[in-house]
Every structure is written in structure tokens, then in C-alpha cells.
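As written, the chains take the letters A, B and C, and residue 1 is the first residue of each chain.
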Amino acid sequence: MNPSQRVADIFKRLRRISIRKAIPTIKGLPIIPAVILLVFVICGLFGKWIAPHDPVKINLDDTLIPPFWQEGGSTKYILGTDGMGRDMLSRLIFGANVSLQVGFTVIVFSGFLGTVVALLSGYLGGWVDIILMRVVDIFLSLPAIVFSIALAALMGPSKKNLIFILVLVMWSPYARILRGAVLRIKNDDFVDLAIVAGASKARIMFRHIFPNIFNTLVVLATLQLGQVIIAESSLSYMGLGVPPPEPAWGTMIFDGTKQLLMHWWPATIPGLAIVLVVLSGNLFGDWLRVRLDPKFRQL
Amino acid sequence: MSEIILEARDIKKHFPVTKGILFLKQIGAITAVDGISFTISRGETFGLVGESGCGKTTTARLLLLLETITSGAILFNGKDLTQLSAPELKNYRVSVQAVFQDPYSSLSPRMRTGDIIAEPIIANNALSRKAAKERIAKLIEVVGLRIDGAELYPHEFSGGQRQRIAIARALAPNPSLVILDEPVSALDISIRAQIMNLLHDIQQDLGVAYLLIAHDLSVVKHMSNRIGVMYLGKLVEVAESEEFYSHPLHPYTQALISATLPIHPDDQREKIILPGEVPSPFNPPQACRFHLRCSQAKPICSEQEPLLQEVTSGHQVACHLY
Amino acid sequence: MSSGNILLDVKDLKTYFSTRRGVVKAVDGVSLCLKEREILGLVGESGCGKSITCFSIVRLVPQPAGRIIAGEIIFDGEDLLKKNEREMRAIRGRRISMILQDPLTSLNPLFTIGNQTAEPIIIHRKLGKNTALEKAREMLKLVNIPSPEVRMKEYPHQMSGGMRQRIVGAMVLSCQPQLLIADEPTTSLDVTTQAQFLKLLKDIQQQSNFSMILVTHDFGVIARICDRVAVMYAGKIVESAETRELFNNATHPYTFALMKSLPNMGDRLDKLYTIEGQPPEMHALPPGCSFAPRCPEVKEICKQKYPPLSVLKDGHYVNCWLRT
């Protein structure tokens, strides 16, 4: 074969490789991301009983022990210890609890707020719609990072404040996207027929329209999980998030950067955890979107 | 004849057409329904036929209070709707139900069948939970669905079965009038007959009146006692079923009947092919709406609008020929 | 009427779809024959396979789910299933054309009528733009579009449904095809527009010598313009005959029941004749005759083996154990 034929042949073979088939799945559910998320949730909920050591107790005798597979490491501290002698694995597990708490709360509140606004705006229309959508526009156009930093600096770092700030920043996309879904459903005959049946406006919004946008809401929420974790970690990294000594992945990274040149694990391991969880959340959300879309659903 | 339960008196629905972005100026109106009057009596089926754009669906929506009339009056059991108190208005809502054309968008995909059927009762707090459950079971039986159907979701049913669910829902609050907007046109032929028989049986047993809106004249003929023809927002002819098909008076009606496809290749019916297209309902001229396509038009037809008048007993027509 | 030469001979066509619930035998051994200048009606309810049969003939079956796995499609002497995509492209639009049900989506909303009507002429007849536009104008006149020069500069959304369908008609006929496949062309049109359109189709067909396959679920359409009819159920043709013969002597229980259940304009009956049960689930067809579960005259053998073809009369074929 001459060179150009060989190149064409390579391209033909590349095209035949299906990436989809390379990711192991059960009925389309990607296994690895699902497992990672499951581990994350378990750690988040039951961390207290799983973690081998106290994540907060400072232990100056055992500082900067590398992970067990490296020279100098031991199985006592599987992932090593940080600059204050605290067990990395335990801190990671407790950090999962923080991320899960913050993530879950933010998603629930912003989802709730966004949904209510979307329903009122989409179904009632008119002035309600105009006013609410302008409010949404304002929040959407806020520069999220600057805004959250400013508010956090103003209000002081605490878990509660963090949740409040993140909800403020993250609720508006829900409202806009769900409003679109509400508008689409509003045109279906069953909404008119519910009016004919005598249902009140409130009943129509919550009993008829809401169940039909629920799928979209769930998918949005799953995809937002990643964003919340990154936001929370970023703010914690800057010292504006969850205050020490409570372990948060972002704070762990910050603490670890000081030792990064000589000791890679205090900063990198929490970073890897964030990447894995966020990626898994996105892949899972993607699968959920396809799975819940009526066009693809097996009837 | 039995008592009149619903009367439409010169009802009009105009959709304003505006120009401009900031300061909207009305430049005209789409006269979807332009002054029609008819009555529906207890237990009868009134068929309303016409082609797309004639206003029959808008008429249905007006009667269902999904749109507000621009002018005219709707009378229910003799009383004008605008004079009704809130509970009386609620009573009207409950007495006039509907079945629409599309069996797929008529049912909420995320509600169980039993809940869908019960909605007119639950939304009005009309019955206790227990009584409602019994009523649903009875209705499911009446419309011929499987007994365990109440727990299932709409997507587990076929098109014809979904239409049965829609009919059950319409019957739940014991209405005196059900508006059927193209109830069978989205269904397969073999299912159409099943549903039409069902509707017939229900009317026999419960005495409910129907306003049947359809474009298929054979369906309308089969089910209706009286038939009205609409063209561009106006009623051009109203007659009893037999009389309608044996002596259609209005040229449009004659064309419509002739255009209905034959049931046998040897069916030699006089074929009237109408020239041109249905004109737009936007700012219509002050004349007979049909005169440009009418083969029997006279000079007066382009100047003056004919009024709907009774020509023989029970047979009204809006045409200068009579 | 037809001249006698066979233009299209489909032999035992099978198009199967792989779905999550199993294999759907959308077209399962369909054989039909179309002569020159003949109009064949393909009638059946939704899901019977009539549309897929047409798409199979022009090899536009949605892939990869659907595949034509067997059969021959002999068009004007050549087997279309043996042709490659480039050869099929030369045939589609030029020698075999299609009109679909919805004229709104058949036309591109972004291009003028003139542009779209001239396009097939430019592509297939290889004429220059101005000549093509002139020919397009002639075609639009042929389908009774008033003031075609004005219309050619307008866009599809400015036209009514009936006009759009006629424009599509002008487009498909501009290259003088030998075969026109029309898939439910009048279903979305009003009653009077439908009558107009069918008359137009028949008139043009008689002037221009093409053959037509007309897919519909409406027996009235068949009665009005078809020469021959084939009735489909669950992927197979159950009966075929000349139109008059079918209406006079429908023998397959399905055909018979279907025709009887139509409300007609004659006497007003209280109850219509109905066919029991539901249309079949295409991924789980019963063994034997697919209509057996709903047949009022079913016998044991119907549930076990599919009935062979019987010839009742010259040109009248049926697949039914009762008539063997």
C-alpha cells in the first residue's frame, strides 16, 4: 500500500471503532460512573462509621506520610497523611459528606425555586411572566464567581452562607429551561381538558404540568451536581467556603498546594476526587436524560 | 321535541391583528367565528361540519369557555352565562365536557388512568374518595376498558383505548352535553366503528347530548340528528339529517356532499369541484363569503351578506338563491 | 387504462426492523405487480407496512434499524435491490418519484417555490437555471396554480395546504417519472381540496402515461381513482384485485369487515359493524394467519399455518384458508 492508501485505511479503521461500545454499560447505564457516584453517596451519608481515623485531630508525628503503594507509606494511612498528620482517606470521606450536604441542599432549594418560578411564569403568562423572566435575566447575567466571592466575603465563611450563595447563583437556569418545558406542555390538549374538567389554575400547574416537567428537572439537577461541587470547592479553596477544621475538598487542595513540589498527594488526591465525582455526575446525568426522554423510552 | 339545553346567540370571536412593536395598533381582525346562532336540545346530536378555517373548533372552544366571546351570548338552560353566579358557572363547566381529536395529547402522560378519569370529579370535590373510586370503576366498564385499567398509564394503551379513557373522563361528572371535536378521525378505520358504536350506546343509556364536530360527512351523517355547515366563520345551512343529505340547499353544502368520496367505484354522484381556495378569515368582505367560488352567484351576492333564514320547517339556509 | 406491459414487479419483498422489543417484520413477503399507466391502490391501517413497502421500493428504509433482507424489485427490467446508492440516486426523482402525506414538511420553508420546483429539473434533466424556471412555470400551470409567475417568487408558508400539495405534485412530475408513489397524499387535506387533488392526479396521469402506487387507508380514495387494489395487514398483502371486483366481491374476512364497518352516506344504521380486538403487535405476531385472532370465521388451521395464495378469478388473489 502506498502512504496515502495507508492513511485512508487508518481513518477507515478509526471510524469503525465505536467509543460507545468501549464504555462498559448495563442497559446503557455506564457502570463506572454509577459506582463512583454510589461510593460518593455512601461516604457522604455514612462517613462517620467508615472513616478509619479522626479527620480533624492533628497528629504531628505522622505528617506527610505517602500513600501505601509508595515507598514510606503504610496501610495504616492508605492514602497517606497531610501536612498536619491527618489521614487523607478519612478527610476525603468526611469531605464527601460536606460536598454531598451542600450539593444536595443547594440542588433541592434552587430546583424548588426555579420550578415554582417556571410554573408561574410559563403557565400564567402575561405580566407575571414578563416580570419573573426579567428577574431571572438579572440573576443569569450575574458573574457567578465574582458575585459569590463578594457575597462570601461580605457574609463570612460558613456552610449555611455557602448554601445560600450557591442557591442564589444557581436557581435561574432551572427557571429558564423549565419555563420552556412548561410552554411546550401548555399546548397539549390535556391541559385544556383539565380546565374543562374544572381544575383551578393551581391544580393545573401542580397536578398536571409539574409531573410532566419532572423528568427535565431531575436531569438538570443531576447535571448541576458537578457544578455545585466545583463551586463549593472553589470557594473553599479561597477560604470563603466551609471553614476549617471541617474538611472540605477545596480546603484540602489549598492546604496541599504548599507541599506540592515535594509531596504530590495532599493536593492531588482531593483534586482527583472532585474530577471523578463531577465527571461521573455528568455521565450519569447524560444517561438519565436519554433514558427519561419519551422519544427513546421503551414503551 | 325535548327542551333546549344550550343556545348560541349570534356569537362572534374576533382575534385582533396588531401591527408594531411597542405601540400595538389594531389593523384588523381574524373573524374566526362571525355571528352564529344554533341550539342543542337534550339528548340530541348536533353535527357541525366544515373545512379547515371555518371556525368549528373555535366555536367548540367558546362553548367550553376556553376562549371568551367577542360578542353575542351563550345561554345554558335558558340563562345567559354572563349572568351566572360563581357556583352556577361551575355547574355549567361540569355539565359541558369534551373529547378532543388527538388521543395522544388528550391524556397527561404522568397520571394514572383512574386519576385522569376522576379529574372532573376530584377537581370539583364532588364526591368522596370512595364514591369516586366506584364511579371510576363503573365508567371503565361502560367504555369497555380492561378492569384493572385504572392503575395503568396512558402509554400502555392504544389510540382507540385512549379515546375510550377520554370519553370516560368526559362522562365522569354526568354532563348534559359532550362536545366531540373530531373524536374518531385520528383512529384506524376498524377502531372508528367501535368508538362510534360506543358513543351511540352511551347516548341511548344516559341521554347525553352531543355536539359532534367533524369533517367526515359520513361520520356526521351516521350520528347526527341535525347538522350545521360552517364556512369562514358563518353558519350557511342547518337542517335535520335526512333532509340535509336529500335536499342540500346551499351551493357549498352541495359541493361538500359531492366531494365526499364514494363508497363504490360505480357510485356516480354529480361531481362538483370547487374552484380556488378557501379565502383568509382576515378582514373578510361585506358580502356572501362564498360568492367567489359559487357557480350560481348572482350580482347581489357580492354586495350583501345573506342571513340565515328558515326556508322549510327545520331547514335554515343563508343564501340569496332562496 | 393500462397498456399491459409490466413496469414494476416486486417479488417476495421482506423488510425487517430490529427494535428493542424484537424483530418487526414490517414487510413480510410482499409481491405486487404494476403495469404501465396503471394506478395501484395499497390500502391498510396504520402499521400494516404499506408505507415501508414504498420506501423499500426506492430503498429509503431508515437504517440501521431497518433492512431489506430478501426479495426482488424489478423495475423496467432491472432489479433495484442490486443497484448501488449512486445508481439509485439517479433513479429517485427522475424515474421514480414520491409524494408524501404532509405537504408542509415536504417543502423547504427557506426557499422560494420557483427555486424548489426548478431544482429537480436542474439536477435530473441537466437544464440551465432559466430554462428550468420556465419549465417549472409550465408545471405549476399544469397543476392549476393560478398566476404561477407570481407564486414562484413566494414561499411555502404563504400557500394553503391544497396548493402546497399541488406544488409538490408539480415538482415530482417535472422530470416525467415512469412511476409515482403517493403515500397518503390527501389525508391531511380538506374534503373539497381532496376531491380537487385526486381529480388533478387522475387527469395528469391520463395525459402523461405514468404508473402510480397510491397508499391510503381510505377506501373512498381507492374507489375514486385506482384501477387495482391490494389490501395489507400486518406486513402482508391479504387480497388484491381490480377495484370494481374488490368492492363487489371482497372475500378476505379482513377486507370484507373493513369495508362493512365504514359509515356510508346511505341508510342511517344504529350500529356499525365492527372488527373485534386490536391491531396486532408487530414484534410478536401469532403463528399462522396474522388476522386469526380477530377473524369471525377463524378455523384451527388458520392459527397454525399461513394460507397460500389462491386465485379466485382472473386478477383476484387472496390468502385465506376459507377460500382455498
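Going forward, a residue touches a chain if its C-beta (ideal position, glycine included) is under 8 Å from a C-beta of that chain, and two chains touch if they have at least 3 such contacts.
Here the structure is a predicted model, which means the values were calculated and not measured.
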Least step count from subunit A to subunit C, where 1 means the two chains touch: 2
Chain pair with the higher count of C-beta pairs in contact (B-C, A-B): B-C
Centroid distance [mean C-alpha coordinates] between subunit B and subunit A, Å: 51
Euclidean distance of C-alpha centroids - subunit B vs subunit C, Å: 32
Junction residues of subunit A, two or more chains touched: none
Of all residues in subunit B, those that touch subunit C in their complex: 51-52, 158, 160-161, 188-194, 196-197, 200, 215-219, 221-222, 241-242, 245, 255-267, 271, 273-274, 276-278
Interfacial residue positions of subunit A with respect to subunit B in the complex: 188-190, 192-200, 203, 207-208, 211-212, 214, 294, 299
Touch list for subunit B against partner subunit A, complex: 61, 64-66, 90, 93-94, 96-98, 100-102, 105-111, 116, 119-120, 123-124, 155-156, 166, 169, 173
Residues of subunit C touching subunit B in the complex: 45-46, 146, 160-163, 190-196, 199, 217-221, 223-224, 243-244, 247, 257-258, 261-266, 268-275, 278-279
